[in-house]
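Across the two complexes that follow, chain A remains constant while its partner is chain B and subsequently chain C.
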Partner chain A sequence: MKGYFSYLLVSMLQLGLMAQATDLLGGHCGKLGFGAVLAAGVAGYAYAISTVVFAAPILWALLVALVAASLLGIVLSHTIVALHPDAYLLASFAFQMAFIEMMNNVDWSGGPLGLRQIPSSVFGGLAVEATTSSFLFLIISATVGLLVLVSGARRESGVARAHHWIRDDILSALASPLDTRSIMARACLVHCILGGAAGVGVVIAQGYVAPRTFDLGLSLKVLTVVVLSGVGGSPFLMLLGSAILVLVTELASFAFTAPEAVGPLQQVLVSSVLIGFLVFRRRGIGGPVLESGPSSELFE
Partner chain B sequence: MRLEVRELTVELGGCRILSEVGGSAEAGDVVGLVGPNGAGKSTLANVICGLLRPARGLVLFNDVDLTRLDPHRIGQLGVSRLFQGQHLAWNLTVEENLLAAAEAVRGVSWGREIGRLLGFVRPDPTLSDRVGALLERTGLSAARCMPARDLSFGQQRLLALACALIREPHVLVLDEPFTGLKSDVLERVAGILREQAGGKILLVIEHSLGPLRSIASRFWYLNRGHLTVYEDFAQMESSALFVRSYLGLTSQRASSSLQPQIDSRFIASTQTSRQLFKGAHDVPTPGNATLGGPVRGGEPLLSVRDLSAGYGRNMIIHKVSFDLWPGEVLCIIGRNGCGKSTLLRAIMGAVPNATGSVFLEGTVLDRLSPDVRVRRGLRLLPQDARVFRTLSVTDNLLLSQASLSTPRLSRAGLPLRRPHLAMPTIAAGDAAPGCSNFALIPSNRPAGLLSGGEQARLALSEVQRGSPKVIMLDEPTAGVDGIARQELSQFLREASAAGSAFLIVEHDLDFVLALATKVAKLHDGQLQFLETRTNGALSQLREAFK
Partner chain C sequence: MWLQLALDTTITWLLYSLAASGFHLASTCCRHFAFAAGMAFITAPLLLWSTLGWSGMSLSAAIALGSCICLGAGYCRLAAVLRVKGCRGTQLLIISLALLAASENLAIMLTGAASVSLWDKPSAVVLSTDRLVITRQLLTVLVSCAAGVLCLWLVWSRSLLGIALRALFESRWNLALRGYNVRLLETIGTAFGFGILGVAGILWASLLRVRPVMGFDIAVLGVAAVLAAPLIKPGFPGVVWSCMGIVVIRLALSLYFDGDWNLTAILLFLILIAAFTAPRAVLRQISAAQ
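Moving on to the complex of A and B:
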């Protein structure tokens, strides 16, 4: 699979997967943050370092990436349980900034230039082109992710109802009797693994990794997809929202012939979509109406 | 089955809340837990449910020490809790709330849900029957698919009770289950609790002594962290401790006034609470004039003309008009969710009015923001969010006083006149009527750590500052103890005699009849004034309330 079309599909899947992961914690459990992009960065770097620095086989590198994302999930879950939603948002932002700075300044990550010539084949050593490889990997990840997320996010699911109860009123959820810590920790683990899968997909598709690959611009895009699709909505809507955002930003690139103007214009467009939906349509294109209960302050 | 509290001591923020509390209950016991605001009732409930760890002591349920367990473990052992406020999964439907509560007992797992999605795991076939039966019993069948946030207050309380019951608990801890409920909902809740009493242990915290007396078999009286156990209501009401510390009366006055007088199902046993509102020395019949009475002539203090207001396109009140004269007390009754609180907020300017106008002493207020209306003499005690939770008691009082003299700012954000450089000096014990027990509360304690009743008393004192002209009170008796009710009643009398006017939203008809000069029912967004001065007024009001 070659060309522009495959690039678009891969971009949609990457963004969609990260948005699903973000919405699982932010929309369904009430703890919005930058964890998905951070997990993408950690898993992407783990994959890249395994293959480039240690010349590990690709399946081993994938396993290392999964473990790295899971470890991050364990660390973040402790943070999530301990912090108020606003504080967690700031903490995850700080985690991401610290990660970018670290990758910029250590030797084994390749510094600001990152690591290049990352092998792309993930299918038993078959020589396939990087975009195709990434596409197949992401399709598998997205399918597994959808299965997991549909279990954890659809209204008919007991896990989703538990998440929603914790989001709406943690005090009564505790006494209900939900094991809120364990439920949040498991949601955080799923969140990081899905983010990590998207990160590996990004690295395979690009063939290189650098700190700027997982910067705040990507976090902003992911948050925009979540808001555009509807916070706390369906995982399918997240894929649709990411498709819309990717198409809109690509259309913008046709408006300017000067290549240096495309990037800034896309950034402005993404920000405008985010602010526009926040101000004029909080539900996004199809999300549920969410209101804070009278006991929301008890999250403290 | 046995629940035992043994030498329980709880300290919060350096303050001892419970002091070596001890008591026990067996299966079939319905224990009424009574006490003044801040006595530690909710704290005791929180310790039993594992939400607080005691400094010392044990809570034993069938010889298992609950103080070492997490809340979800305690819940799985069969201890269920109804909270004081509205604690629900706000954005889930009624049915989803019940399903979530039922599933919570056995725990939720991703594996089971994926299995269910793929058809490997079948759902519990009895669950939908249990949900249906509880919906039927609580009268929520018609609201099955409504989000919990859209239910009326009474329906939310019923849903919270249903969520507690669907777990089929052995111990049910209920924190003020009757507060803020109109009579038919209250009867339904009491009926459900009576059904549950057999074979279970019910611990019911309540200030409405009438309904509590109708279901409770034993009474625990908590006062300043010390527990006294009474075997029945008669024993409690004749005890000097209860009479003095809860009712604020002498024994002689209490015994003369605690005779059953009213022949309603609950009110037959609510003479105590009825007495609380009126003061033991002054028990007027509904026909008596108990206040100074309105002073007519000149302009009314508050005039509302054709006021319509709501949220977005949803109009809640329609063309409401009335006048409030100096000395008048207008009580507004109506079913839960009919728009009473919205009317008060619209008058205060917190909800924009679609049509109509509000006048204070002839001056139109429509373009004025709520803070300016407060400085003009209008006050509102809202039903919830009454205090700044993170500020101390003293800071709350200081802020309420300081806000009365805050200067207006120019468009550039500069003060139009010189601000007061010195903040007013207020000691915590210097609180207004309704807060006499504040001297007992550390003035530096955050308001969020006060009990629900103490928060209500603090808010009441804030509302009374600065010589208000019209005071609007939304459920002022909810969660406050006998002494505070008496003091509130006294304040209403004195302030109305001094020329203030009151607009009160209240579910307690005894309180309404004892103090109101006018009663109006809000129905379909419109006010209908009711007769209150005849002998059958109470039954008419009760009928109007349904």
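Moving on to the complex of A and C:
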């Protein structure tokens, strides 16, 4: 039972961290997409390949994973972040699909079966089980992430106002002396590092990685948490949203269905929550009412 | 080997063209990338498979296609209502993706994750040589696909509906100002698009098998065709040429590499199209300026 609760806690932290990353770029900068899950996949695979294929020490593997996520952030910020929001969503989706397809077809990533027996039992010199070590890693990442996001998201913070200006009125932001390119690049970098940290947490907790670990199902789950919590809302709400979603999907596993139908039932439930909130309450639990204009005025 | 490969590639091209045309029509009429159109691609063959036991072939096909058409009309109305309620393009796109994911998972819950065959018995062989084997199923699908693509081309280029749809693609405001019922035309277009996807789904499943997750692959193909078509030739001809490009790249990849490269072929095609058409657009601008 103790193991089950720690599994739930780890799932909540993983989803919450990815949702925070998605909301930073989607809710605050107006570019909602699948970049966080892509970064999670890249960092997760980087960690797995470093430890399993190259037998690197865990701390080195963690470093490699975070560098890989940062590099992805730089690539994304120079290629697709400047696109129109709809085009950004599709382009990030295309990047994610390309990544999954590549991992499915190349030998060094283990192909469709992925990589197994990823070492995770030693964390910072302490011998602990996989769930605990994932929990430790995720809690550190979530705390650092929250500190960064909360300090950036404060109402009086210049960074938050600049993000909201870009989100609400991109034309006037481009015409202003604001360096929109570097602001978006930094946001994209933080977005990918947070997503990458969550990805490493997922891989440590599961002990294996496969292309299906970071597929469309996970992306939809993350988007559901963001929409449920409120797009552009507080970073703390993302943790609350992930807790609600994890509990609701876990309750579905107690439904009177065949064991093999539990996974699809959970996915149907997640999709229904996402559609329901987008149709009936787009603000989610505590998201702001998005308007055009006021953020730029506040900044000036 | 080459003859068999050419035949298989032709069938894949025709099937892709049919499916992508349906997706293109549905997406343009709904004014966003309608991933949900992939639902029709799985609903039609699954309904046909589940009703074949108690009804005849024609009745089952009618039920399957009728359901797809109703689904399309309903989706178009839902999208219109949400747009009026202030839903942005990104949100409609996410709803569309979520609907497709929900329907695929629902299909897995109802029929199981394994693929099912539409027909009990293996198909009879019509022609068998050292280089080529043609079964009755293969021939039926080839003829049906070719007829479907030809019909679509005739509707697009010759019929009143085709003219109205072309006008809708160019400017819905112009059409509305001329007194056309744009909302009705969009609903008809979406329903027609879902219907075409239903037909493509049944033909696809006849040749291969019914997989509950096959709607997603076809939706990605549709998105690529919708993105690339205007860069090649606007409308239906552009979609058909895009599918030709995707199939050729897929063939090249499958000849030289092991594994399944469907999505990579689509992405490579998009990159190539963007790389080759952007310089052309710049040259056009320069010549226009001169």
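A few points about this structure:
Throughout what follows, the second predicted complex is superposed on the first by the 281 of 300 C-alpha atoms of A that agree within 3 Å, B and C clash if a C-alpha of one lies under 4 Å from a C-alpha of the other, contacts with A are read in each partner's own complex, and residues count from 1 in each chain.
As a convention for this text, a residue touches a chain if its C-beta (ideal position, glycine included) is under 8 Å from a C-beta of that chain, and two chains touch if they have at least 3 such contacts.
Model, not experiment: these values are computed from the prediction.
Look at A:D86: by the touch rule set out above, it reaches chain C but stays clear of chain B.
By the document's definition of touching, of the two partners only chain B reaches A:G158; chain C does not. Using the contact criterion defined above for the overlaid structures, shared-chain residue A:L278 touches chain C, although it does not reach chain B. When both complexes are overlaid on chain A, the residue A:S172 reaches chain B alone and has no touch with chain C.
By the document's definition of touching, of the two partners only chain B reaches A:V148; chain C does not.
Touch criterion not met for A:Q117: it reaches neither chain B nor chain C.
Only residues 32-33, 82, 86-91, 93-95, 97-99, 101-102, 105-106, 108-109, 112-113, 216, 220, 223, 227, 257-264, 267, 270 of chain C touch chain A when the two sit together in their complex. Note for the complex: chain B touches chain A at residues 49-51, 70-76, 80-81, 83, 85-92, 96-97, 99-101, 103-105, 107-110, 112-114, 116-117, 149, 160, 163, 167, 384-385, 389, 448. For chain A in complex with chain C, the touching residues are 32, 85-86, 89-90, 94, 97-98, 100-102, 104-105, 111, 216-217, 220, 223, 227, 257, 260-261, 264-265, 267-268, 271-272, 274-275, 278-279, 282. Remark: chain A residues 147-148, 150-152, 155, 157-159, 161-162, 164-165, 167-169, 171-180, 183, 186, 190, 232, 288-295, 297, 300 touch chain B in the complex.
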